[in-house]
Amino acid sequence: MKLVTAVIKPHKWEDVREALEAFGVTGMTVSEVSGYGRQKGHTEVYRGAEYDIALVPKIRIEIVVGNDDADDVVGIIVKTAQTGRIGDGKVWVSPVDTVVRVRTGDRDDAAL
Amino acid sequence: MKLVTAVIKPHKWEDVREALEAFGVTGMTVSEVSGYGRQKGHTEVYRGAEYDIALVPKIRIEIVVGNDDADDVVGIIVKTAQTGRIGDGKVWVSPVDTVVRVRTGDRDDAAL
Amino acid sequence: MKLVTAVIKPHKWEDVREALEAFGVTGMTVSEVSGYGRQKGHTEVYRGAEYDIALVPKIRIEIVVGNDDADDVVGIIVKTAQTGRIGDGKVWVSPVDTVVRVRTGDRDDAAL
Amino acid sequence: MDGYYAWMIVATALVLMMTTPALALFYGGMSRSKSVLNMMMMSYVSLGIVGIVYVLWGWSMAFAGDDVGSLFGNPFDAWALKDVPWESYIGGVMFQMTFAAITVALISGAIADRVKLSAWVLFVPVWVTVCYFPISHQVWSTGVGFVSKHFGAQDYAGGTVVHINAGVAGLVLALVIGKRVGFGKEPMRPHNLTLTMIGAGLLWFGWYGFNVGSMVFLEGDGGEKDIAQFMSETGVTFLNTTIATCAAMLGWLAMERILHGKATSLGAASGIVAGLVAITPSCGAVDITGAIVIGAAAGVLCAWAVGLKFKVGMDDSLDVVGVHLVGGLVGTLLIGLFSTADAPGGIDGLFYGGGFGSLGDQAAAAGWAILWTGVLTTVIAFAIKFTLGWRVTEEAEVEGIDSDQHGESAYDLHSGLGGGTTAPSTSVLAKHTVTEGVNA
Amino acid sequence: MDGYYAWMIVATALVLMMTTPALALFYGGMSRSKSVLNMMMMSYVSLGIVGIVYVLWGWSMAFAGDDVGSLFGNPFDAWALKDVPWESYIGGVMFQMTFAAITVALISGAIADRVKLSAWVLFVPVWVTVCYFPISHQVWSTGVGFVSKHFGAQDYAGGTVVHINAGVAGLVLALVIGKRVGFGKEPMRPHNLTLTMIGAGLLWFGWYGFNVGSMVFLEGDGGEKDIAQFMSETGVTFLNTTIATCAAMLGWLAMERILHGKATSLGAASGIVAGLVAITPSCGAVDITGAIVIGAAAGVLCAWAVGLKFKVGMDDSLDVVGVHLVGGLVGTLLIGLFSTADAPGGIDGLFYGGGFGSLGDQAAAAGWAILWTGVLTTVIAFAIKFTLGWRVTEEAEVEGIDSDQHGESAYDLHSGLGGGTTAPSTSVLAKHTVTEGVNA
Amino acid sequence: MDGYYAWMIVATALVLMMTTPALALFYGGMSRSKSVLNMMMMSYVSLGIVGIVYVLWGWSMAFAGDDVGSLFGNPFDAWALKDVPWESYIGGVMFQMTFAAITVALISGAIADRVKLSAWVLFVPVWVTVCYFPISHQVWSTGVGFVSKHFGAQDYAGGTVVHINAGVAGLVLALVIGKRVGFGKEPMRPHNLTLTMIGAGLLWFGWYGFNVGSMVFLEGDGGEKDIAQFMSETGVTFLNTTIATCAAMLGWLAMERILHGKATSLGAASGIVAGLVAITPSCGAVDITGAIVIGAAAGVLCAWAVGLKFKVGMDDSLDVVGVHLVGGLVGTLLIGLFSTADAPGGIDGLFYGGGFGSLGDQAAAAGWAILWTGVLTTVIAFAIKFTLGWRVTEEAEVEGIDSDQHGESAYDLHSGLGGGTTAPSTSVLAKHTVTEGVNA
C-alpha cells in the first residue's frame, strides 16, 4: 500500500476531489495547513505596526491507495491542482505496511 | 520504528486515549481533520440557498511505536474506536527510520 | 527522499524556521496539533465544574528532503527547538518514494 | 408627566432589549458552539410568541380583566386590548409584556442543547398563560391579587413574579426532561465567553428599565406629588440596583477565589446577573447598606449554589435554579430583614425594628409562587413529554442541535487566503448547490 | 414638552446606534470571514460621511431650504445650518441625519465582498444628495413636497424614503456591479450568525427610536394637546412596531419550515428586520389587527422573496431587495388596505370602508420613489463604473477583500498554550516587524 | 423638569454601559485571544469597585464634602451619602460614578496582558481616591476647585478629568510595569476586530449620555429658563459630538491611507474614539466649524501618535496615551483657539477674537492635571511594584494570562459533527471531571 500526501491551493480542493472521485478513490482525509515556500504571504498593518504574514493557507490531502494506483492518483492530483503559478504545492508518496478499516477490521485493499 | 496513523470519530477519542494509555503508550500527536468517504455529510439552508456539507469531522492520531508494538496498538485502536456504523475510520502503519526526542536527543525506543 | 516530521513547542517555530532557512530548506508544511505525553495540561473551572485540559498545543512541521539532508535537518530542528523542559517534542524520519512539484511536475530533488 | 412617560418609552425598549439580544447572548455564549443558535433562538422565539399572546389575552389576564377569585383576570374582558386607552399601551401593556417574555426566556437556560423547537414553541404560550399571567396578577394587582391581598409582600420589580417563577419552572423542566447526553462526563464548557460578557453588560444596562421603570405612583393623578415621587424614588431604585450589582460581582469573584483559587470572567458575568436578580424585588425596599448586603449575599450564595447541580445530578444546564431561584429567594427574603421605612417601600424589616411581620409576608409570597408554578409547570411538562415529546434524538444531540433543529452552524471562520485562522471549515470545502426553485 | 424633547435625544441616539454597530453586525455576520471587516466598514463610513454632509447641505435640501419645484430644498439656504435654531438640532437635524445614514448603509448589503472602499466613499455623498435628500423632501415636507402634495400618501417613518429607496438602489447596484466571483457555485454562507443575531436584536431596540420618534405634532405649540398626542400616539406606534415584528419573525420561521423543513436563526433575525421594515410606514396608520397582518405578510413574503435572486441570477448578496424593497412595498401598500381612521393617521383604507383612494395614493408614492431612485441610481452607478470603477480585482476578491482593501483579517483565534482553538493562525506564526518610522 | 430628569436616568445608564460592555469589547477585541478575558475583566472589575467606593466616599470627596484647600472634599462629610437627597442620586451621584469607573477602566488598556488581577483590584480604589476624585473636584466644583478657581478653563464633559487623567496614568503605568514579553518582536495583533467594532459603536452610542448629559444649569431652579437651556444647549453638544466623531473617523482613515496605503476598520474604530475624546471637553464651547476641525485634528494626530510607542519602545499596549492623552490634549487646547461666545460656553477663543486668555487657561488646566496625576500615579505604581508586585510570571504571560489568572479560555469553537470550524480544541478532547464537593 502507498500513502499519497498532497498539499494544494485551497480553491483547487473541489476540483481535485471530483477528479479523484471520478477515478474511483472512495475516501480521503483532509486538513487545512499553512505552507511556507517560494510563494510569499502578505502584510497587515494595525495601528502603525506592520505584520508580515509569512505563511499561506493550503489544503493537505491524505489518500491511502493500492500500490498500482499510486502513480495514477499522483498524476490526477498534479493535473487538476495545477495553475502554473508559484505555490501550487507538492505531492509525495510514501510506503504503507498495512491499512485497516476500523468498522470491519478488513485489511489493505479490502479496507479501502 | 513504525508510525501508526489513525483517523477515528471525534467522540471515540477519549476511549481510545485511555485504552492506549493502559497499554503503555506514553505519547501521541492529535489533530482534527475532515473526512471524506462513504459516510455522508449533511445539508444546511441559509435564506433559501442549500449547502451540502460533504465532509465530516474526524480525529487524526499519530503514534510512533517500536516495531513489535505496532500490531497491538492497531488492534487496540480498532477495537476501541469501532461502533460498527459507517465512518468509523481507518488506521494505517508506515515505516519510520528513526525518531528523536527533542529534549534529550535520545533516539528510537529511547525517544518514546 | 525522506519525510522529516517534527512536533515542537509553538513559540519555537520562528527560530526553527529561520534555522532551516539558513540551512537551505526552501519549503515546509506546517500545522497546529495537540500533543499528549509527559507534559501535563492545565485545569479550567467554569461555575464549579472542573475541566482537566489534557492536551497541549504543538506545531507540526513536515519537510520532504533529499536522503543526505535528512540527518542535518533533524539535527538542526533538535538543536533549535530544544528548551530542555518536558514537552519539547519529537522528530521522526520516514521514507518517501517520490515527491512532485504540482506547478511543474518536476520530481524528487528537482521538486524541492 | 411627559418626562415620566418619555422614560417609560425607553424603559420598555430597554427591557425588550434584555431578551433580544442580551439574554440570548448571555446564554448563547455559555452553551457549546454546536448549540449556540438553538439557545439564542429560544429567547428570540419567546419574545415573538409572548409579544402576540400578551396583547391578545395576557394584559387582560394580568391586569385589565375582571378578577377571578384573586387568581387572574378574565382573559376575554380586554381581549386584543379592547377598550384599553392608548395612554397605557407603553407604560402598561408593552412594559409588562417584556417582563413576561424575558421570564419564559430565562427558563430556557435550564434545558439547553436538547429540546425540540416545536416543543418550546408549544410550551411558551401555555406556560405564560398558566403560570406567568396569574402570578403577576396575584402579586401586582394591588389589593386584588391573592398574594397582594393576603401577604402584602414587597416585590418591586419581580423577585417572585419573574425570578422565583422562572427558577422553579427551570427546576421542574430540568428534572422532567432529564440530563444531556454525557452530562457530568463530557466537557460542556462555555464556547464563547465574550458573548456571555456582552450579554451580562447589556442585561445590566437594560435592567435599569426593569427596576427603575417599575415605579408605581402613590397619587397617580400626574400632579406635583407624582413628579416629586418620580424624581426621588427612581434615584433610590437606580442606586440600589447599581451598588447591589457591584457587590454581587465582587462577592461572586471572592467566593470563586476561595473555592477554586481563581476569579473568572464567567464569575463576574454571573455575579452581575445574580445581583440584579436579588435587587429586583428589593430595590425599593432597602437603603444603601441593605442593597450592598443583599448584593453581596446573592453573589456569594449563587456562586456556591451553581455547584450543587453536579452533586444532585440534575442538569440545570445554565443554572437557572442556581442564579434565578436562589438569587430571587435571597432578594425576596432579605427584604424581611433589611427593609426600612426610610426607603420608598416604607416598611421596616426585622433589623430595622419591624419585627417578623415583613419576613413572614415575604416567605409566604415566595412559598406561594413556588407552589403555584411548581405544580402547574409539572403538569405542563409531563403533558408535553407524553404527547409531542421534548427531546431531539440522542444522535442529534451529539451531532449538535443547531444542525438538527435549524440546519445551521453558527461559525464558519475559514478565511481563505485572507489570513486569520485556517481551520478546516467543513462548509468551505463543501459542494454548494443552489437548488433551483427551492423557494418557488 | 421637555419630556418629549428628552425622548428625542434618546431616539436620535438609538437610530444612530442602528447603523453603528447594529446594521454593521447584522450584515457583517452574514458575510464571509474574509470580508466581514469591509462589510462593517461600509456602514461605519456611511455614517461618517453622511454626518458631515447632512449638516452642510442635507438639512437644507430636505427641509430647511426654499422648495425647488416640490423636488428638493435649496442646499445653500441653510448651508452648515445657517440660522437653524439650536432647538431643532436634535429632533430635527440629527434625527433626520441618522435616517439618511442608515438608508445608504442599507444599500451596501447588495454589493458585499467586491467593492473598492474608494468607490463607496464616492457613492455615499453623491447618492444621498441625489436620491435621499430629494425623496425625503418630496415625501415629508408636508404640503410642499411632490409626493406629499399630490398623493398625500402615508409614510410614518420611511417606507418609501428609507426602505423602498434603499431597496431599489441595491437592486440597481447589484445589477450594474455584477456578481461575486463564484456566486451560485462556491459556498457563501454566513460566517458568524451570532453577530447577525446581535445585530438583529440591536436593530429592533433602535427601531423604537426610528418609528416612535417619527411622530409629527398636530398643533406643535408645545401645549396640552401636543403632550396628549405624545402620550397616546407613541403608544400606538410602539405597540404596532412590536407586534408586527413578532408576527414577522414567526411568519418567516413558519415559511422556512414549510419550504425547507427547518426554521433557522438566520430566519428569525431576517424576519425581525422584515417586520420592522414593513411596519415602518404603517405603524401610525393601522390598528392591532393591521399590524399583525402586515408583519406576518412581510415575514412570509420576504422569506419567499430572498430565494428569487438565485433564479434570476442576480447577486443581491445580503438581500436588500428581498427584505427592504419587498418589505417596504408590503408595508406601504397594505396601508391602502388596513389603514383605519381609528389610528393616529386617521385615514380609512379599503378594508375599513375607505375605498381605493388610500391604496392608490400609496401605490403612486411607492411608484414615484422607485422611478426617481431607479433612474438616478443607474446614472450614478454607471458613472462610477466607467470612471473610478467599482470592483476590486478578481484575485483580491478570492483572497478576501479585507486583506486587499484594509490589510486586515478579522480573526486571529490562535491562543497559544492557553487552550481554546489551536487552529494554525498564519499571523501567529508570522514574522513581526515594527517598521521604524513607519508613522514618522 | 421631569423631562430633563428622565433624560438623566438614561444618560447615566448609557455611561455605565460604556464601561460594561462597550469599553471591555473595544479593548478585548484588540488584545490576543489568550488574554481577552483578562482585558475585559479589568473593565468589569473597575466598575464593580468604583460603584461601591464612589457611594461610600467618592461623592463626598468630589462634590458633597467640605472643600479642603480647593483640592478635594472631605471624604467623611457625606460618607455613604449621608444627608444626600434622593433627587441627586441619579443626575449627581450615579452619573458622576460612571465617569470615575470608565476613567480608571480606560487605563487598563496601557497594561494589557501582564498584570495580576490582585494588583489591579488594589490599584483601582487607590487611584480613583488619590487622582480621580480630587481632579474632578478641582475642575468641576465651580468656583471652589483649584482649576476652576484659578484658570476657569472649559472642560464640558471631562477632557482633563477623564481623558488626560487616564492617559497620563496609562503612560506612567506602562513605563513602571514595563513591556510585555516579546513586545516589538512577536506579533500582538488584535484577535477579534468584530468585538472592537461593536465596542466602538456602543461607545459612540453611550457617549451621548457622557457629553449631552453633562449640561450644567445656569439657573438651576427648574424654571422656564432651565427648560429652555436644556432644549437648546443639548442640541449643540449632541450635534458637535456627532460631527466631530464623523470627522475624526474620516481623518484617521485618510491618515492611514497616506501612511500605510490602506484604511483599516481598526482605524475607523480608533478614529471614532479619538473624536469622541477630543470633543468631550469642547462639545459646549465650539460651533460647527470648530467641532469638525477638532474632530479631524484628533483623528489625524492620534493616527500618527499611536505609532510613536514603537519608536520610544514603550508598551502602551492599546494606545491609551496615543488616543486618550493626545486626543484629550487636542480637545482641551483647541478650545483655546476655536471656542466661541456663540456657543453655550460663551467664551471667545483666539480665532474668535478672544485673544490668548482662553488658550492659557486651557493649557494651565491640562498642565495641572498632568502634573497631579503624573506624580501621584508614579507613587502608587511603585508602591504596588515593590509590595504586591504588578506582573504575572513570564511563563504565565507566554501561556496566556486568561489561563493563569482566571483559569479560563475565551473560545472553544470546536463544533463536533455540527460543521463549522473543526479546529482541534484542546478542551473538547479533554477529560472532564466534575470534582465532587468542589463547591461544598
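So that you can tell them apart, the chains are marked A, B, C, D, E and F in the order they are listed, and the count of residues begins at 1 in each.
Keep in mind that, in the parts below, a contact is a pair of C-beta atoms (placed from the backbone, for glycine too) under 8 Å apart; a residue touches a chain by one contact, two chains touch by 3 or more.
Not measured: the values here are computed from a predicted model.
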Original post:
If we look at chain B and chain F, which chains touch each of them?
Top reply: A, C, D, E
Original post:
Copies chain D, chain E: same or different interface, half of numbers shared as the threshold?
Top reply: different
**OP:** With chain centres taken as the means of their Cα atoms, state the distance from chain B to chain E in Å.
**Re:** 50
Subject >> Rounded Å distance between chain A and chain C, as computed from the means of their C-alpha atoms >> reply: 18
Subject >> Between chain F and chain C, distance of the C-alpha-averaged centres to the nearest whole Å >> reply: 45
Subject >> Touching two or more other chains - residue numbers and ranges from chain C >> reply: 11, 30-34, 42, 44-46, 48-51, 53-57, 94-95
Original post:
For chain F, which residues are shared contacts with two or more other chains?
Top reply: 1-4, 6-7, 10, 14, 187-190, 192, 198, 259-260, 262, 264, 266, 306-307, 310, 398, 402-403, 407-414, 416-417, 419, 421-432, 434, 438-439
Original post:
Which part of chain F faces chain E closely enough to touch in the complex?
Top reply: 1-4, 6-7, 10, 14, 32-35, 184-194, 197-198, 200-202, 204-205, 208, 212, 227, 230-236, 238-239, 242-243, 245-247, 249-250, 253, 259-266, 268-269, 272, 288-289, 292, 304, 306-308, 310-311, 398-400, 402-403, 409-414, 421, 423-427
Original post:
What part of chain A is in contact with chain C in the complex they form?
Top reply: 2, 6-8, 31-38, 54-55, 58, 60, 70, 74, 77-78, 81-95
Subject >> Touch list for chain D against partner chain C, complex >> reply: 187-190, 256, 259-260, 262, 264, 266-267, 270, 306-307, 310, 319, 322
Subject >> Residue numbers on chain B that touch chain C, as the complex places them >> reply: 1, 3, 17, 26-31, 64, 94-103, 105, 111
Original post:
Which of the residues in chain E end up touching chain A in this complex?
Top reply: 398, 403, 407-409, 423-424, 426-427, 429-435, 438-439
